[in-house]
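Shared between the two complexes below is chain A, which pairs with chain B and chain C, respectively.
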Partner chain A sequence: MVALLLPSLAFLLAFFIAPFVMVAFASLQDKTGAWSLANYARASSDLFYWRTLLLTFRISLWTTLVAFAIGYPLAYYITLVVKNRAIRRLFYIIVVTPLFTSSVVRSFGWMVLLGRRGLVNDALVASGLVDRPLPLMFSEAAVVIGLSYIMTPFMVLTVSSVLQNIDRSLAEAAEDLGASRLVTFLTVTFPLSLPGVIAGSLIVFTLSVSAYVTPSIMSGGKQVVMSMLIFQQYGSVFDFNFGATLAVALLVTTLILVAGYLLAIERRPRAGREVA
Partner chain B sequence: MTALIQLEAVTKRYGAVTALDVVSLRVRQGEFIALLGPSGCGKTTLLRTIAGFVEPSAGEVWIDGREVTRLPPNRRPVNTVFQSYALFPHYTVRDNIAYGPRRRGVKPAVIRAQVGEALAMVGMESYADRYPAQLSGGQQQRVALARAIINRPKVLLLDEPLGALDLKLRKRMQIELKRLHERLGITFLYVTHDQEEALVMADRIAVMDAGRIVQLGTGEEIYRRPSCRYVADFIGEANLLPCAVDADGALRLEPGGVSLPYEAREAAGGSATLLIRPEDIYYENDTGETDCVSLPAVVHDVVFVGNATRIYVRTQTGSELMLSAPRSGAERLEPGRPIVARWRRSAGCVLVR
Partner chain C sequence: MIGRMGFAVLLGVAVMVPGVAPAAAQGLTAAYYGGSWGEAIHKCIVEPFTKQAGIAVTPEPGVSSVTIAKLQQQKGHPAIDVAWMDGGISELAAAEDLVAPVDPKAVPNVADMIPEGVYHKPDGSIYALSTGFYALGIIYNTKEVKNPPSSWWDLWNSDYSGAVTVPSPTNAMGVPFIVEIAKLSGGGVDNVDPAMKKLKTLKVSSFFDTSGGADNSFQSGEAIIGAHYAQAGWALADKGLPIGYAVPKEGALGGDIRIHIVKGTSKLAEAEKFMNYAVSKDAATCMTDFLYVGPATKGVAPTEKARQRLPWGPNGSVKNLALSDWNKINAARAKITEMFNRDVVGR
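And then the complex of A and B:
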């Protein structure tokens, strides 16, 4: 048994734990290699880094909400409304296909749509709704749009995998007992799909926190998120120690948020429980 | 008295498949009706049509004097006990049972009393705070029952509710269900493929085949006077003897042409089937009864089945018969022994369809 686990343990050690330990060590050293907390002092005393962290989480939160708002109805539609299996498969393919394309390409696609001379602005100006093109790109909203587009498939896939495993007779039982379609959804289908929503939102949130390409392109460098700062430290400032500090800080705060989220869900009275 | 449930020529087609083929049925208030048939005969589709999950392609469904053909399930005065129980896994037993009353806006204090009552009715008082996953199959079954009857529906629809239980528990639940039916006075419509279950519980049995009700009657009627070979074969054990019918309607056993004291004028010149139940055939040499049919035969197999012995015999003309004898006395029969199979004339039933 142990022998069978060895390869995966070795893999985990070599590619996840060892690099992380190295980064963590680097974050605790100054440029000369001496142990020091100076990097953390520098990061936490400068309001700029706190604002960047806040922006990163705000963008990720919005992205999660948008991915849920679009992804859940889509997952519901694909799994519970579409009856034809071939059409359902087609929907899955449509949802998954964008994942095969580089996010660089997909983000530049948004520039074609949202740019100053993009399709959306052209249409708005041509229809006379606005006089001048709107600054749609390079804003916080643009980053959220770009990320949501990339993250929604993850939400659709996790939610639909849970939805399609919910026993159909449960919804029938609810209707049989006098619940309308809406009440059935609110009291039975949705509470039972929460594990999918939780898994999906965790994936989307953490991927958004660490996203680099999409925020860089969509913001044009005007909205700086943590991953961009970290890349800067490693790639242009060459301060590996401070880069490591920022990376560890991002990781730890993300973990705290995720833990808090999961704890809040656990603490709540059981999902959908009614009080007699 | 008008019928509580009235199905008027209900038909349901799925593409080229006809699941219900012009089904008409009237059920009286307080009756216990079993829909009996093999899987795929349309019995569950019929139940789901009454519940409102299936919209018929043609025909009408009336419940309690109101046409409900196009009404959604939540607006029909019926409740269903599902085959899989369909208990809400995220609710406790109490919340499961309270689900119906809550949807109708019953006051919390009243709900609490009703839930207690319903739990007591199925003997599950001490399980109110458990979740369905913490209950055995039989217990889940009781909760599903309580969740349905708390609403005091006009009709309780049961879709093979005992199918997943073991034999012993099933027998006990059959009796409990029957008692519950008597106590509540609610009309029960019970889908099953188990003929014994139907015979034990139902006031009347609707035997279904290929989307049609082929016979509707009491268990006794259906057992003694089946309307056709299909019903005779489906309910209980049966000897079905193929016969030729003479021009004057008299029956002759095939093969061999032995004349039998039965007639089927409506099938004159054609063929018919004579039904004799295994337990109606005696093999003693003389029972002293008059007006008997007797056929000399030879025993070729004796099978012990617990509470009885099955004796397989072949008549001189080559017809196969099965006899069912009480355990005692049958030990003397061994293969090869000649006997005379006899039955009272009135025990036979001529089937022309």
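And then the complex of A and C:
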């Protein structure tokens, strides 16, 4: 067993642990290379960085909720409603297609839709719902829209992989015993699919927290998330030490949030136990 | 399932692709940009040089901030022999002793350059040569903006409220732009408060990080006026968009791309030859015609189209550009960036 683990351990060590340790060391040094906690003092004593962290998490949370709201019904439909295997495969291909386009192209594509003279505004103005085009682009909402679009496939894939492994006789038994389809869904299917929802929401949330290209384009620089601050420190200010501090702070707070989320789910009885 | 399989395939590929060794063959390795700038350097300098001198040049593509990071890592044993970096980064590279002094005897074309294009260290030695000036001026939509703008303050005109774009501090000209606004409102590089106050009242559509981001804003009509690169504006106009470029009366903000010889290169003689060609009249003329950059080499006669599109205007010279004191800007960059994040973005 241990031998089987070795390649993945080596991979983690080389491409995650080693670079992370280097970043962590850099975060604990000042510009002269001397050990210092000054970077952490600077980041934690300044409300601006806390507000940025909060904004980052708020955007990621909204993205997770939207990805769930769109992704779950989609996954349900693909796995449990569509009977034809070929059509099901086609759906999977459609769902993953966006992942093959670069996020730069995808984000600029949104401008065509959400811009002042984009399709959405044209339709709203033409239908008389609004007098003048709405500022849809370059806002917090735009970042959430852009990220949700990119993240929904991850939710669909994780949820549907769990849904298709649920024993269908369980739902049939519930219906035989007189439960309506809604009650069957709420008491049997949905609880059994929770592991997929949990895995999907973790993937979506953590990817959203670290996303750079989409927030940077969709916010139009009017909202700054942590990844943009980190990039600024590395790419334009050249303060690698403070950039490292912000990166470590983001990773640690995200880990704490994820741990808290998993702990809260563990504490709840029932949730996901049956499948595990 | 597909996601997991895709990931496994990716992992496999990542593990199997061996590390690419730095080019050790004969010939030079030159770090320069991608995109249209890289194309111009390749067509105007690299190709004709190789044809003439018989020395192969391997490109090492990257933006200036990535190039300087590579030079820092390779200090002492560089795999790059010649490097292009923008003004601003160039000063940092010189201060960190990453670039070699240029000997005017080995690079005789230095004698035919304008003084603004030759960069000296405090000890008098030359550390960089300009291969073209670019400008950040006012780009505007000629259909939406009736009166051609003439001053930076036209960006504050309420007619353009919500449809303005200016560079963020992440962009190469972002901090210089903030400093220029500070200077024009009674401050300066050491006192940018007046600029922050002004920028807070500017009703922007976006602050752009990359030149491409601003291009898209103008293309989609999100922005109708803004502080943007002249060269990018002309490229949009060439696509048939109603885009014009105006030099503000306070002066367009100038920057340049510069060539450096990397300190410790094992091919100093070849690198000097290459640099000499890069600043020659032929190369500079080609760069001007191709990119509309302002030549740093004297005696360049551009085509009429290129002359009309020079960053300093058809009849100007480098004196019409507001050039930044990059050492001062670099020293204040962290503070200005933080103030901008806090006061202008986080308002």
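The rule is short, and it goes like this: the second predicted complex is superposed on the first by the 261 of 276 C-alpha atoms of A that agree within 3 Å, B and C clash if a C-alpha of one lies under 4 Å from a C-alpha of the other, contacts with A are read in each partner's own complex, and residues count from 1 in each chain.
Just so it is clear, a contact is a pair of C-beta atoms (placed from the backbone, for glycine too) under 8 Å apart; a residue touches a chain by one contact, two chains touch by 3 or more.
Keep in mind it's a predicted model, so treat the numbers as computed, not measured.
Within the superposed three-chain model, A:53 lies out of touch with both chain B and chain C [touch as defined at top]. When the two complexes are overlaid on their common chain A, residue A:67 makes contact with neither chain B nor chain C.
The wider contact with chain A, measured as residues touched, comes from C rather than the other of chain B and chain C. When the shared chain is aligned, chain C comes close enough to touch A:224, but chain B does not.
Shared-chain residue A:138: touches chain C; no touch with chain B. In the superposition on chain A, A:150 makes contact with neither chain B nor chain C.
In the superposition on chain A, contact of A:232 is made with chain C only, not with chain B. Look at A:43: by the touch rule set out above, it reaches neither chain B nor chain C. Of all the residues in chain B, the ones that touch chain A in their complex are 51-53, 72-74, 78-80, 82-84, 86-92, 94-95, 98-100, 102-104, 108, 111-112, 115, 147-148, 151. The touching residues of chain A, when paired with chain B in their complex, are 167, 169-170, 172-180, 183, 187-188, 191-192, 270-274, 276. Within the complex, the chain C residues that touch chain A are 1-4, 6, 11, 14-15, 65, 92, 162-163, 165, 168-172, 174, 204-209, 213, 216-217, 220-222, 333-334, 337-338, 341-342, 345-346.
Those residues of chain A that touch chain C in the shared complex are 7, 11, 15, 48, 51, 92, 96, 108, 111-112, 115-118, 135, 137-138, 153-154, 157-158, 161, 216-217, 220-224, 228-229, 231-232, 235-239.
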